[in-house]
Amino acid sequence: MSASAPIIKIDSISKSFGSFKVLDGLSMQVMPGEKLALIGPSGSGKTTILRILMTLERIDGGHIQIDGEQLYHMERNGQLLPADERHLTRMRQKIGMVFQLFNLFPHKCVMDNVTLAPMLTKGTPRAAAEKRAMELLEMVGMADKAKNMPAQLSGGQKQRVAIARALALSPKIMLFDEVTSALDPELVEEVMNVMRKLAAETDMTMLLVTHEMGFAHDFADRVLFFDRGRIVEEGKPDEIFRNPKQERTQGFLKKIIAAGHRV
Amino acid sequence: PGSADDSKLEQLKAQGFARLAIANEPPYTAVAADGKVSGAAPDVAREIFKRLGVADVAASISEYGAMIPGLQAGRFDVVTAGLFMKPERCAAVAYSEPVLCDAEAMLVKKGNPKGFKSYEDVAKDTTATIGAPGGGTEEKLALNAGVPRDRVIVVPDGQSGVKMLQDGRIDAYSLPVLSINDLVKKANDPNLEVIAPVQGAPVYCDGAAFKKGDEALRDAFDVELAKMKKSGEFAKIIEPYGFSAAAAMSTSRDKLCAAK
Amino acid sequence: MTQWSGYFGLILQGALVTIELTLMGSVLALIMAFLAGMGRVSRFFALRWLATAYIEFFRGTSIFVQLFWAYFVLPFIGISLTPLQAGVLALGLNVGAYAAEVVRGAIQSIGREQYEACTALNLGRWQGMRHIILPQALLVMLPTFGNNAIELLKATAVVSLISLTDLTFQAQVVRAQTGNTLVPFTTILIIYFILALLISWGVRSLERRMARGLDGVRA
Amino acid sequence: MEWDWNFVWEIMPTLIQGVKITILATLLGSVLAAIVGLGIALARRSPNKALSRTVGWAAEFIRGTPLLVQLYFIFYVLPDIGILLPPLVAGVIGLGLHYGTYTAEVYRAGIDNVPRGQWEAAKACNLSASQTWTHIIIPQAIPPMIPALANYFIAMFKETPLLSAITVLELMNQAKSVANTYYRYIEPITLVGAFFLVISLFSVVLLRWLERRYGKIER
Amino acid sequence: MSASAPIIKIDSISKSFGSFKVLDGLSMQVMPGEKLALIGPSGSGKTTILRILMTLERIDGGHIQIDGEQLYHMERNGQLLPADERHLTRMRQKIGMVFQLFNLFPHKCVMDNVTLAPMLTKGTPRAAAEKRAMELLEMVGMADKAKNMPAQLSGGQKQRVAIARALALSPKIMLFDEVTSALDPELVEEVMNVMRKLAAETDMTMLLVTHEMGFAHDFADRVLFFDRGRIVEEGKPDEIFRNPKQERTQGFLKKIIAAGHRV
C-alpha cells in the first residue's frame, strides 16, 4: 500500500466560521482503500473536514488533492485558479457522503432515492439504474422496502437506504458522519453490520466520524484523534484505544468510558 | 380639421359602432333588467351616429372618475353621461353643442325642516350638512356658496345619497332636477321632498364629450344635432325622459364654456 | 313591479366576469410568483434586485393605483389593453408579488440538509431545484396560495373602477336601477362566500392528494 | 396628457388632508383588529363547541367576502335596524372586523408555536392555568407575532381607499374629487401611489427591524 | 423499609392513544426513598408512565395512589369521583419531573426559572426563594450562571438547571425521563454526577428512565424491564444486568451491548 500514491492529500488547509478558526493548517493523507476513523470531542472539527471534502464548505487556505487532482483549484497553463462549478461537479463524482440525519428525499420512494442521482448526473437509463439499485438495496437488506416512502421506515432502515443511495454513484471515497448517532440504541446494530460488511468487502476508501469507540475500533485500519481542529494522535485502533500516548486522548477516552460507552 | 381627423369617422363607420361611456345615473342613462342600455344621452347619440353612417353604439357604464381618462386613453370615442359644460372641462375635452339641460335640485326631508332654498341657506345653518357627488357641479356650488368643506359630504352615488338622507346622515342631497326626480320615484318614500330649482344656481347643459383632437368628428356630430333640433326629432327623443329641448336650444357651447 | 329575475341574471353575468378575472389573475399571479420568488433566491445579483424591486413596488402601491395605471396610463406608452386584460394584469401582478414571497419562504423552509444531499449526490443547481426542492416546497406553499387566491377573488371587487362589469359593479347597477340596497348586496356576499369556499375546498383536496405518503415533509 | 408640476403643488394640501384621515383610520382599525383577533382566537379555542363553531364560521365568512361589500352593509344596511354609525366609525369597524379575522390566525399560530414542552414544564412546576398563560405562554407567543401583525396593519393601510364608498374623505377620495373637478387624473392618482409607496417602503424597514428584534426567541 | 407503606401504588392502569393500547392493566409499587430505574426498548411505555404520574396524560382505567391519596380520583362521602383541577394541583405538589429536552423557560434567566414556581404556587417571598435557589444551583454547580439566559448555556448546564428547578418545589417524588440522551457525550457525565450525588444525599423517591445501562446500574436500588407496556422482569441491578432470566431481557441487553454501550 505504501507504494501507491495517497488518494486524499490535505495540505495545510484552514477554515474559519466568522472569527472562529476551526481548522488551522491541517495536513493529512489517506491511502486508497484505507478505512479511517476520526474521533475526538464535540466541536473539534471532524464534521467540518468531511464537509470540506464533500465541497459543502469552502476552505480559506491550503490545498486538497483527490486522486491526484486538485479539488478546489484548477490548473490552467501551469497556474492554479479557484475551481469553477464544472470542475467541482467533476470532482464530486469521486466522493459520496452519508449524513447523521440520513437526509433522504421525503417525497420520493426508496427506489427513486437511489436511482435519481445516477439517472440525472450520469444519464444511466432507468432500467440499468433500477437493476443496480436493487443490488445495493439487497446488500443493505432493504430490497423488500423498495416501494416504501421514507416516512414509513425506521431510522435504521432510513440510514441503510442513505448508504445505498451514496453507493449508487460508485464513488471512490465514502464519507460517514456519525451515521448511527441519531438512531435508537436497538437500531444502531443493523446499520453497523451493514458498514462492517461494506468495509470488509469493498476496496473503497472510507472516512468515518463516530462517537462509538467500539465501532471505530472494529471498523478502522487507522484512527485519528482530533482536538480543536488538529490531529493530536493517530495510530492503529489498538494503540489509540488501549495505549493512548497523549494526555488529551487519555482524558477524552476516560470520560467517554465513564459515560457508559464500551471501547 | 385635417385629413387625419376625418379618418376617425371613417374608422368608426368601418368598424360599425362607436364606443360610448355612460354613467350609472337615470334618467341620463338607464339599464334595463335585460342589460339593454337606454336613457336620454345614449338615445340621442345612437340616432346621430346612425345618421352619420355608424350603424350602432356600444355603451359601457363607467365611473365618473374613469370617463375623461378613458376618453383620453382612447378607451371611448365619446362620453354621453350628463357631464355639464364648465370652462375647466371645456379645456380638457371637445364638447358638442348642448344636448341635455337641467337645473340643480335638493332633496330634503318632508316639509323642508331646515327651510333650504339655496346653497347659501345651507352655509348659514352651521349644523347642516349637504351631500353631493365628489368633484361634481353641486359640490363646487355648495363650496362656493360658503359651505365649509367638512359639511359637504362626498357621496359616491345617488342611491347612497337618498339612503343617507333617509337615515339622517345628511340634511340635503343635491343633484340635477331630473336625477333627483328619478331617485325619488324609485325610493317611493313619502317622507322626502324635492326643492327644484335651487335658487341662485344656474341651469347647466351637457354635451357629448370628444377627445381633444377629434374636433372633426365633433363637428360632424354638431351638424346632425342641429338638424335634429330643427326638425323636432331631438325633442321627441329627450322629452319623454323629462328633459327640455327648448333649454338646450336657447344656449350654446360658446356661452357655457365662457361662463364664470 | 321590480323584475328581480332579470336583475339576478345581471348579477350572475357579473359573477361570470368575477370568476373569469379570478382564474386568469391566478394563473398570471402563479407565474409571477415563481419567477420572482426564485429570482429572490438566485445567485445573480441582478435577478435578485429585479425580483425585489418588482415585489416591493407591487406590494407597496395600492391595487387601486395599479389598476388605474394599467388601464389609463399604459395607453400613453402605446399599450392599449381591454378592460379585462388590464384587470387581469393588475390583479395578477399585485397578488403575484405577495405570492412570490410565499414561494421564496417555502424554498427557504426546505432544510439545508436537503440542499446538501443534492450536492453530495452531485446534482446540478437546477436539477436539485427541479427534482428535490420545488416538489417539497410546493406542498408548503399550497395553503398560503389558497389564501392568496381568495385575496385575489376579493380584490376583483375594485375593477369596477375601470368599467368591468364584475359582481360588485352589477350589484351597484341593480341598486341604482331598483333603489334597493339589501337584496343585491346580500346576494353578492353569498356568491363571494361560495366562491371562496370553493377555492379553499379545491386547494385542500389538492393538498391532500399531493401530501399522500409524504408525512414528515411539512413540520 | 402632460405631467403638470404646478397642478401637483396646487393639490398637495388637499391630498395631505386625505393622508391624515387615512392614517387615522388605519391606526384605529389596527387597534380594533388586534382586539377582535384576540377575541376570535380565544373563542375558537373555547371548549364550548357552539361558541367556537359559530365564531369560526362567522370569521370564515368575513374573511371570504370583500371588505368593500361589508362596508356597504355596515353603512347603508345597518341603519334599517336602527344602527346609525358615522362614516369613519363604520369604516374603522369594517376594517377592524375584517382584519381581526386575519390577526386571529396570527394569534393562533403564535400560541401554537410555543412548544408543548413549555405547557408541560409549567404543569410540572404546578402553575395554574392563568399563571401558565400570563407567565409562560403569552410572553413567549407575543414577540414572534409582532412582525406578522405589523404586516396586516400595513395591508390594511393600503385598503383604506375602500372607505371612499362610505363617504370618508381619505386619500383616494380626495384625489378622485380633485380629479373630477379639474379633469386631470394622472397627477392625483400617481401621487396617491407615491404616498402609498413611500409609507410602505418606510414600513418595510420598520418590519425588518421588528423581525430582527422580536422574530425569534432563543431557546 | 418493607414496614412502611408504598409511596406510589399503581393499580392495573390502562392507557391508549387512539386505537393503540400502550398500557394494559399495569400494576406496580414504589417504596418511599426508593431509586427505581425503568429500562426497555423504545416505545415500551416508559415515558408514558412518568407522564401519567406527572398528570400530563390521563389514564383510561385503574387507580393510582400517591402517598396514600388517590391521584386521579377524589373521595367524597365514600365515593370515588374523577379528580378536579384543584385536587390535581394539590397532588402535583408531591411530584417533580425533569424532561429529556430540559424545557427551560427561554424568556427567563436561570434564577427566575428556579424561583418562578415556588413564588407563584407557594407564595414564597422572593428573598427566601432566591436563597433556596442559590443553594440548589450551588448543588448542581450552576451558581455562577444564575443571571444567564438558557440560550447561553450548554445542554449539560441546561439540564442541571432543570434539575434545580424541579427540586425547588421540594417534591417527594422526582421523575427523570432520559435526562442525558439529548446531550453531547462529553456533557453526559456532568449531569450523571449531579444525579448520583442527589441519589446518595437525599431520601427522595426517584424514578429514572434511561438507555444508559451503566448509569441505571449505579443509580438504582431496583430495575424494571419494560416491554410493550408490561413489566417483563424486575430485580436488583446486578441480577437484571448480569443474570437476566427472561429471554426478552437477554435479547435486549445483548443488542445494547453489541451497539457499544457498557453495562
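As written, the chain order gives the labels A, B, C, D and E, with residue 1 at the start of each chain.
Note that a contact is a pair of C-beta atoms (placed from the backbone, for glycine too) under 8 Å apart; a residue touches a chain by one contact, two chains touch by 3 or more.
The model shown is predicted, which means the values in this text are computed figures rather than measured ones.
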Smallest count of steps, each to a touching chain, taking chain A to chain D: 2
Any chain in contact with chain A as well as chain E: none
Farthest chain (mean CA position) relative to chain D: A
Chain separated most widely from chain C, comparing mean CA positions: E
Rounded Å distance between chain D and chain E, as computed from the means of their C-alpha atoms: 47
Rounded Å distance, chain B centre to chain D centre (Cα mean): 38
Whole-Å gap separating chain A and chain B, where each centre is the average of the chain's CA atoms: 83
For chain D, residues contacting two or more additional chains: 1, 76, 185-186
Residues within chain C bordering two or more other chains: 68, 72-73, 76, 181
Inter-chain touch pairs (all): A-C, A-E, B-C, B-D, C-D, D-E
Of chain A, residues touching chain E in the complex: 41-42, 180, 184-186, 188-189, 192, 211-215, 252, 255-262
Interfacial residue positions of chain D with respect to chain C in the complex: 1, 60-61, 63-70, 72-73, 76-77, 80, 158-159, 161-162, 172, 185-186, 189-190, 192-193, 196-197, 200-201, 204
Chain A-touching residues of chain C, taken from the complex the two chains share: 113-114, 116-117, 119-125, 127, 131-132, 135-136, 139, 213-217
Residues on chain C engaged by chain D in the complex (per definition of touch): 56-57, 59-66, 68-69, 72-73, 76, 150, 154-155, 157-158, 168, 171, 181-182, 185, 188-189, 192-193, 195-197, 200
Interfacial residue positions of chain C with respect to chain B in the complex: 3, 5-7, 9-10, 13, 68, 71-73, 75-76, 80, 83, 160-163, 165, 169, 172-173, 175-179, 181
